[in-house]
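Notes follow once the structure below has been shown.
Just so it is clear, A, B, C, D and E label the chains in written order, and each chain counts residues from 1 on its own.
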Amino acid sequence: MNGPSYRWLAVISPLGLLLVWEILSRTGVADPRFFPPPSTIIRTLADMVRSGELPFHIGVSLRRILIGFVLGSVPAVLLGLAMGLARPLRALLMPIVAAIYPIPKIAIYPLIIFYLGIGEASKVTIVALSIFFLVLLNTMAGVLGLDRAYFNIARAYGAGARSIFTTVAMPGAMPQIFTGLKLAMGFALIVIVGAELLGSDAGIGFLIWRSYQIFAIEAMYVGLLVTAMLGWLATIALDWLERLAMPWRPTN
Amino acid sequence: MIATAPPRVAPITVRGVGKVYPARRGSFVALHDVSFSVAPGEFCAIIGPSGCGKTTLLHILAGLFPASTGTVEIPPQEPGRLVTALIFQGISTLPWLTVLQNTEYGLRHMRVSPAERRTRAVEQLRRVGLDRFVDAFPHQLSEGMRQRVSIARALATDPDVLLMDEPFANLDEQNRLLLQDELLRLWQENRQTVLFVTHSLDEAIRLSDRVLVMTSAPGRIKAEVPVRLARPREFRSVRQDPEYGALSAKLWEALRDEVLRARQT
Amino acid sequence: AVGQPQATVRVVHVPVLIFAPLYVAMERGYFAKQGIEIELVTTPGGVSSFAVLAGGRAEVVVGGLGAALFNAAARDLDFKVVGPVHMERPPVSTPLVISKKAWDSGEIRSVRDLRGKRVSTNVLGSATEYWVQSALLKGGLTIDDVQLVAVNFPEVPAALANGAIAAGLLGEPLATLAEDQGQIVRLSEDFVNGVQVTALYYSGEFMRAQPKLAVGFMVAWLQASRDLFNDGYKRDDVAAIVERYTRVPAPVVKRARPPFHEPNGQMNFNDFKRLQEFFKRRGQLTYEKPLEPKQYIDTSYVRAALRILGPFKPSR
Amino acid sequence: MNGPSYRWLAVISPLGLLLVWEILSRTGVADPRFFPPPSTIIRTLADMVRSGELPFHIGVSLRRILIGFVLGSVPAVLLGLAMGLARPLRALLMPIVAAIYPIPKIAIYPLIIFYLGIGEASKVTIVALSIFFLVLLNTMAGVLGLDRAYFNIARAYGAGARSIFTTVAMPGAMPQIFTGLKLAMGFALIVIVGAELLGSDAGIGFLIWRSYQIFAIEAMYVGLLVTAMLGWLATIALDWLERLAMPWRPTN
Amino acid sequence: MIATAPPRVAPITVRGVGKVYPARRGSFVALHDVSFSVAPGEFCAIIGPSGCGKTTLLHILAGLFPASTGTVEIPPQEPGRLVTALIFQGISTLPWLTVLQNTEYGLRHMRVSPAERRTRAVEQLRRVGLDRFVDAFPHQLSEGMRQRVSIARALATDPDVLLMDEPFANLDEQNRLLLQDELLRLWQENRQTVLFVTHSLDEAIRLSDRVLVMTSAPGRIKAEVPVRLARPREFRSVRQDPEYGALSAKLWEALRDEVLRARQT
């Protein structure tokens, strides 16, 4: 029912916006010192790609996000599944998790650089930390939210603890795990950009902050653009991973 | 017409079974002093108002949890075979496993080689007419097909006793009638002992040799109505048998008050 | 005179030791005497100051010199550099430091030993980057011989301890604090001599609409700068004022290497030129043709103030 | 089925953790310069409450969050409902929303202080912005995810556009709106702490950063503790609001 | 026993109605050349396999969307009254409105004062036995009670025509039997024209004067079976009427092939 007229709207609206911006900026209605025309931004982007500066910063940030993401989410999923299945474990750990969870992890960043210094370790750690609890809680909720019926089927057909872990808890919690991972990606991006803003020598956040500090406005917009693109890429990657991990789900 | 197989030797005896659940305030008595027995190869239906403890009873029989009081005699599980197979109400398959994997699910936990697992599962899927859907996932099937998968899964383990918990409850009446035909056909080939829980008078009468009527919670056996209609039970002949109208009127009489009472709470 | 109507002037600052003239002028009533009431505006880092000035959200900024100054000027933002805040001369108040451990083990004993290692400055693209270059030059290295990273002053001791950096610039009084705690050793503190690194900026609107206040502000500023000449920071009342605004304990303030505040408001145009060239080479400028100092510096307020105050005589 | 033995575990586990920490710190097994004993932290907290410093910073941050939250979420809900109901509006705005949504809003903070300066306005704006898109998209998804049946009921019983807005879209999307608001609160907390870390003269983030800068590690832990408490409070407040806004939902 | 009211003057005529939905590839024909009429005060049931277009037909009659071809004659809406009231399959109430607000929902959009609205809603709730639950929310009721609310909502607008789309489909059979009793009682007091969609042979026979059997998609009227059982239709008497067995066998004959065909797709 996607009328062609609507699709048309969806294409012209962002283009239109850019065009209006370009015109306003070029005619000086919008102060080009603060709102440089998109064409200039694109030119700066091209320059920065050519000089290798931009790919370098993107690579640095991507690496931090990826490593931090894996380090944070894998243990979170395993522990989350275990906590979802085992009540004593849940009772033991939940109060601690609940206490740490609501702390915005960027607030811990000073603490982390206290202990780990300002190198890669602290950046990877802050990403991992900011993800860990979110994924843990989502995974656990996924197991807890599973219909008892699945466990009953498993047990009635002879499944032991291990089989229940792999054939019920894990696949059953998968949708919630991915909900968690997707949210986590949002948080990871904020946190890494924040951490790079606060103190770093490379990365997209650093690029934005340095451009801001030296008043290189176009480069700052380039940084924002790239951040948005990182966000899209992350979303696409996770969507793809989700389809891969859950072939049993209806596609639409 | 398929010859009716000789009955297997697997009786069920339930004596004074009660079940108490912990509830928000104190406890909730789901079953109270339930006693009955099912003969080997008998198709026995249980009918009762919602919440009267039918599922609870079947889960006790399947060994998912113990009864609070009373004893249950049912053939014990054997390695390589699931002597008592349970077919569930509502959600009956694991949505993340293919039709084949679902059908193999019981065998996977027994000492059965992967190759034999597959052979046996595919054979049962053929019997329920789903061999074309071996690699499909449950969401690609209709509700009725999913229930057929869960029947195949139960049959793959070659059980002596089938415990069926409203397997057709989520189907529309028409598909239900078709599945009843299929169940009767399958049962007549093997003659397992069947305990079949249902809400439907018509289904109970159509399928079973005997109907146990339960009271509203705490559930007890209120009445026992033998169904002496001839087998095989073809829809047209059953419906036109004058005995049918009388049986359904009789069952409804026994049930009506219980349903009204269950509604109150 | 006291009692005349007070006009509010908004001043953007960062609460640090080197901006002491601002706090002293406030506390000693020099601004009040000029009919000025100060409203302090705290910034994240001095740099957004240009947007603040241009946007008419403040009249005065006390802040550092950096690539941003030149980029903003090149974009015709409406402001001017009107006077100095402090200069660095040996011993500088922002030394290059290394960890005590590295010193004791003999791993690093001179600037030369830093080749290929990570060295930090507080803000990339600020004048401090130029100091790192100066310090390295003294040891026979250039900025390209090390890995330059940005580490805020407070993080430097921890970063050194963790080996994240081999050396770093560390501003006072943090250097003294860290020295007290046995964390750091000063590796080099004589690398610049008389370079202006922080400045006073006026917004164009302030200069045009309130020229008298603009001169008055400069008068008060120079008065306070003169108070801080020589051992000014060692005085109890000054140390107390600095403690009140920066939360650095007064005893530490007294022991820290004091920054130098030019009492006659002199600025060296060559310093600016050299900085501009330096940033150009570092690829941090967004324009091609070098700016003339006249385009962003206006010394008329210093001159006007000196006419009122007379030249400084180091009598006390 | 909450066995008393488990409840017991849930109480002792956090207490036990604190006790172990205290002992390790006092005996010097854990470096007390980095891990000051909890008792010292509590004492610092008490001092800071008594001096009025802590209440001041909390007040500042709370105010920023509250104002930003309201400014961000109210228009987001209204626009989200409209976009959920009106396809042309959706087609027009979605591409723009989708482009801006994945940018971690903290990255925009430099841009915001360019335009709005470093005062309260920029802090409130960054909170509002970081919330707006999240709430908007959740609200829209809430309307789109509503069973057609509700709209059919409304139309079959004579509801016009206005009645559909108020009696179907709004209450129907409410659960998703609250999902969005709760997520948004998490993001708002990160962003405000991040913004306060980056540049501010007051607020919890500022307190943490300043404590870090002056090596006042106890005060830093106090800041973290308070941040966690802000997080809890926000959660409790939103849960309460949710129950209030949806009296029709089963309580459990 | 309640006297049967005289029928209202509200016939329905459907002529050559077709409905085409846009589909992923091309289009999907849900209804094709459907023609029938319902006499004023008649209780007419429609039965057909899943997906044959029953809901589509009712939604066209209720004016939710137009037919692709053909014409529909049905009494037009009047201000202050909903001449044609639709009762939905599945979700039937707005969960965020109380029972009273749900019942008033139709009246809210008409020129009816709040006071009168309340009076009329409460009156209908009393008729369906839910006046004690005026301030309850739907989730606090059972599925059966919710369906009674939706019936009360329809009756509150005083309709001449009731379009009912499998109103009892989500109930267990026992509660379904009880609600059928209630519906018959309510209908006999007012004698609206009723078009009642169902999957259940038994329900169609028990309730209606005539059963229309539809083919699988694209839906057409395949057969028309008059039901001449005496009213009031008490369960026991209906079931024991020999006509009943014959009717259900006949309907199943007409339906079985269609259901099997619908299953294929």
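Quick note on the criterion: a contact is a pair of C-beta atoms (placed from the backbone, for glycine too) under 8 Å apart; a residue touches a chain by one contact, two chains touch by 3 or more.
What you see is a predicted model, and the numbers here were worked out from it, not measured in a lab.
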Shortest path length from chain B to chain D (each step joins two touching chains): 2
Chains touching both chain C and chain D, listed by label: A
Chain pair showing more contacts of the two, A-C and A-B: A-C
Centroid spacing, where centroids are CA-atom means, of chain D and chain E in whole angstrom: 48
Euclidean distance of C-alpha centroids - chain C vs chain E, Å: 83
Residues of chain A touching at least two other chains: 34, 114, 198, 212, 217
Sites on chain C at which at least two other chains make contact: 45, 48, 51, 152
All pairs of touching chains, each written as two labels joined by a dash: A-B, A-C, A-D, B-E, C-D, D-E
Chain D - residues contacting chain E, complex: 147, 149-150, 152-160, 163, 167-168, 171-172, 174, 246-250
Residue ranges of chain C touching chain A (in the complex, touch as defined): 45, 47-48, 50-51, 54, 66-68, 71-72, 75-77, 123-126, 147-152, 155, 158-159, 161-165, 279, 284, 286
Chain C to chain D touching residues, read off their complex: 15, 41-45, 48, 51-52, 55, 57-58, 152-154, 177, 247-248
Partner chain B, residues of chain E touching it in the complex: 49-50, 142, 144, 169, 172-175, 177-178, 199-203, 235-236, 239-242, 244-246, 248-249, 252-253, 255-256, 259-260, 263
Complex contacts: residues of chain D adjacent to chain C: 110, 113-115, 117-119, 198-201, 210, 212-215
